[in-house]
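Two complexes come next, and they have one chain in common, chain A, joined by chain B in the first and chain C in the second.
The block that comes next holds the complex of A and B.
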């Protein structure tokens, strides 16, 4: 409805002069006044965005090519900062761990919310309870959730080893072993973020027209076939959007290694964001840290760009 | 409405058995995965350190000792942390609304020259996660350009960056765009100023989206960890998450767990009360809105 109206009459700004007005001076004055008012309304936002979003982007690039002690003006050093961080043995680990963390989070955490949503959508009882409960961990402050799991991972009396013991399985060393530390971080991260995906998928599933399932069933499609040929194609774009969002989110992983492992054991859980933090705040090297930040930014921009394309495509549907 | 499984199949005895099995498995599974950790946390806090270290663990605490909560409150100065966090979240909320609502209104209804460019530049910030800009943003807070103010350890270090939120501007602008022009034109003809129109016409009809933005902004600031960790390093200024994390190493296990329980109460309480708005906010983004 609104679309057709807008085609007929291009929306005008409030207070915009009537183009047929005979008094051109008045029109000009009004246009200037309108712009002044508008920028008056905008100025607070412009200042906040300039200081904390736009300027930092430029500053990051500048910092990563400078040697800086923040007393004297920074000294341009070309790619020295990049060479320093790339030569760091932790650099390789950090990227591999970040990629592994994202990959494992996809393996463990990507399909699960979708499956849960499909099941939840079929249930006619306990709906409110299940929806509430699945989102509960999302509401916890992440630091609280992570510290809670730190206790669960305790190799002695921690909940997880006790549970393994109860079913007669050998205990694991969780955070203390190079082979299980990273996956332990993935488990916390998945637990505390699962609810978001589940509820978003659930909303998407509810918009699938029922007659699609009906006709598929009439054509003799079984349950799994209906999921494959109706549910998944109908939610394809949201699945893709969530995939990209999850990659971008998990590649910034910081709080889990910061609070659980400190990057150890033997760099097994160092991530790019954590290494960036260490460079700046433990080694006092903002140049190296910014170089890492810039590299991560470029990688994430690739995914963000694809995300933008996909979500625009969806908006047009 | 018809879903994946047809209502007919559910009515057969076979279908009913499957349905109830799936239902019970789901309820038990969800309770185990998402509620049990909370139970374990609350009951764990009531156990003595000895009982916590005991193998196998006791399911219920032997003697519920509620004094641990008082101990956590005093030893970790949780009162101070909670008050700080409330100040940061509350101020960020007011700032976010004041800054983003006026900006969205200007971009949606006043449409100045270069307005599209400004909007584009604000939305572009969504492409770059704040984490990768952590260091330069920290330096800005430490030494504000031009004014050379040090915002570290002041609430401004939380409030100002919180207001620079492209997603909120986008949500608000999209809502304002849907307000019919006739409503505003009538007021304009009556001689109402743009500020007056915003206050008495736009804001009252925009309550749903303002509710969503309000809750999102408060919860985001409340849950944040990395930014307050950097910009509020003084113990007396710390937010609840950072405070507990930085003091966690020196605490007896049961006191730490009790403090985790206390720290998780506010957001969970908010969720109980504003569940509807929070879930609406979840799908308010790009998805079919």
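The block that comes next holds the complex of A and C.
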């Protein structure tokens, strides 16, 4: 790792030496030549970002202020698209559901990977095997994982209700009830994604100096006290970064309601991203879809800004 | 927890879509244009359907021989259209000259001016005057100008699809399917009683399909989704209540609809193909899909009219072709020749039943019904009977009821209204205490807002 970084950095450092020296155009050429591969990689990344991230974002902003049939030039309509989506009865439900999903995902999806990481870190045996098992769901394509849960949640033959029946508990409606549908989606989302979070936490835990735990143990601290007084303070920044990433990610929830519930029952799982999809692709109203997308982007921008500041702080640490 | 996959999901759906968004009879030798013209045509059967593909290629060869100036370039896809990609293809310049479309989307496309006006050319289609007027009205503008924007390929209306095998198992007579909703309830109870996993009657309630079937049931009871002027909702009445009350009773009092709800199109197809679903609202094309893609067998299914729809309406459905708004007059003229040959001529193209039988493809379904009782319609029916490979008697109750049922088109802003009514449908099927009056009243308020914007 160190060697690779050194190899990459050295030519950059050389390239940074005053290339505009009038008597040294050859040096500039050599510097560029030496960095050619790096520039090539950079260009490829820039093109990808420009095409698949920045351009769509700019187009989204433009489209949100236009009525566009993609045949004639778009007609500027001011804030009409925003007024339309705000007046939509599903708009309020979508934001409330999105907020509830993010909240529930924080309670469940944020805590579970951390606890798992702490447990895995404390284990003496089968560590590698368990890490693999925990990471396994991440390797499944999201659509496959979601459809797997569709069967788990089946009220009749589904795995979950069979399990409840085995311990003589009444079956649950899972996706079919307004009170359990959203939390069922959170469970799917958590299961699909906890592997990555767990491994990141685990890496952070392993970077904590062992002597801190030894000192705590000598002072008579039990497991919980060690976690509270050593683990959490030492991983504070990672926890904060992951919290922000979690919020940004969960607010864009789409595939779970799209594949499992179609937004139902009674709009209980309509999210902002799902409503955006409905507008753009089912109603053929890209203006409305883009307006919703822009609103979501502004909200996420706040969290992303905080994330950038926190991660910069961590990098400087 | 990880952002990468979520980001990818959203990017795939919105980002990529937005990127793309930015950017005569076969024997007639009359050329369509002075010079050579190439037309791209959607819905060419994919290579994974080798028989259909071979038939298409044979038809293209025959057509091109008769019209040496015209080259037909098929664009294969399965399914024929993914509405999600429509806008992107149009904006990205990859939309076919003749693009395939479902009836549900036609009104939206005309309103948004996303298809070419073919009024001044369509008169060249010889069979135009024989096509059912209600079918042709699907492709006409809704502004009293009588402009035409496309031609049909398929047409059907809703009925009741039932599993004849399960009827027999449950002690019911498959030759006498239910004619009233009370009979449907009784049959559904008997089928559900066959054992765990058996569902008497299945219904959609998610992904806008619930609202679609609400409209189908409402029409069959004589109701309407919107007022005659299309400005207000018209479903909050006795007919609308009857639709939801009937479902509620079957779901909760009879327990004949299974416990799994929020079903969408593919769910019911799979259940029907799996042989554990007794009945559902659907057209004969359901049997085709179940046979072709969901492991069902033609002989196990039958179709009848929606109960109690005699003298009333049936929601019509189907598909057809529209023209790219940027297509030149030459392409439009050539495209019309192709459509007349391939989609509208008895004994040719899709109606070449002799070839279909030879290839071992199903013949005998009572669809497409493009011509009603006119001469071409009777000719098609005669060919269908002559070359039938599926048990046509299984569709007799559906066919014989057609004479006294009027086809009715989907409402304006169909997808938006269906999304609103999904809520009511999912409520009665997932909540025992659902308040039908309140659900319909809420839906009416929402629908009125949507329709007010439309007008």
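Keep this in mind: the second predicted complex is superposed on the first by the 267 of 317 C-alpha atoms of A that agree within 3 Å, B and C clash if a C-alpha of one lies under 4 Å from a C-alpha of the other, contacts with A are read in each partner's own complex, and residues count from 1 in each chain.
Here is the rule we use: a contact is a pair of C-beta atoms (placed from the backbone, for glycine too) under 8 Å apart; a residue touches a chain by one contact, two chains touch by 3 or more.
All values reported here derive from a predicted model rather than from experimental measurement.
When both complexes are overlaid on chain A, the residue A:264 reaches chain C alone and has no touch with chain B. Of the two partner chains, chain B is the only one touched by A:211; chain C is not. By the touch criterion stated above, A:313 is placed in contact with neither chain B nor chain C.
Ranked by how many residues of chain A each touches, chain B and chain C are led by B.
Within the superposed three-chain model, A:219 lies out of touch with both chain B and chain C [touch as defined at top].
In the superposed model, A:75 lies in contact with neither chain B nor chain C. In the superposition on chain A, contact of A:255 is made with both chain B and chain C. When the two complexes are overlaid on their common chain A, residue A:113 makes contact with chain C while staying clear of chain B. When the two structures are aligned on the shared chain, A:130 is found in touch with chain B, with no touch to chain C. Within chain A, the residues touching chain B in one complex and chain C in the other are 51-53, 55-56, 59-60, 63, 70, 142, 156-157, 196, 248-249, 252, 254-255, 273, 276-277, 280-281, 286, 289-290, 293. Taken together, the chain B residues at the contact with chain A in this complex read 1-6, 19, 22-23, 26-27, 30-31, 33-35, 37-38, 40-41, 44, 52-57, 98-100, 102-103, 105-107, 109-113, 115, 118, 121-122, 125-129, 131-141, 143-145, 160-161, 163-164, 166, 169, 178, 181, 184-185, 188, 194, 197-198, 219, 222-223, 225-226, 230, 240-242, 244-245, 248, 253, 256-257, 260, 263-264, 267-268, 270-271, 275, 278-279, 282-283, 286-288.
Residue ranges of chain C in contact with chain A, taken from their complex: 1-7, 9-11, 13-19, 21-22, 83-84, 86-87, 90-91, 105, 108-109, 112-114, 196-197, 205-210, 258-262, 264, 325-326, 415-416, 419-420, 422-423, 426-427, 429-431, 445-446, 449, 453. Every residue of chain A that touches chain C in the complex is listed here, in rising order: 51-53, 55-56, 59-60, 63, 68-72, 84, 87, 89-90, 109-110, 113, 138, 142, 154-157, 171, 173, 175-178, 190, 192-194, 196-197, 242, 245-246, 248-250, 252-255, 261-267, 273, 276-278, 280-284, 286, 289-290, 293. Those residues of chain A that touch chain B in the shared complex are 2, 11-16, 34-35, 37-39, 41-42, 44-46, 48-49, 51-57, 59-60, 63, 70, 118-123, 125-126, 129-137, 139-144, 147-148, 151-152, 156-157, 159, 162, 165-166, 191, 195-196, 199-200, 203-208, 210-211, 213-214, 217, 223, 226-227, 230-231, 238, 241, 248-249, 252, 254-255, 259, 273, 276-277, 280-281, 286, 289-290, 293-294, 296-297, 300-301, 304-305, 308, 311, 314-315.
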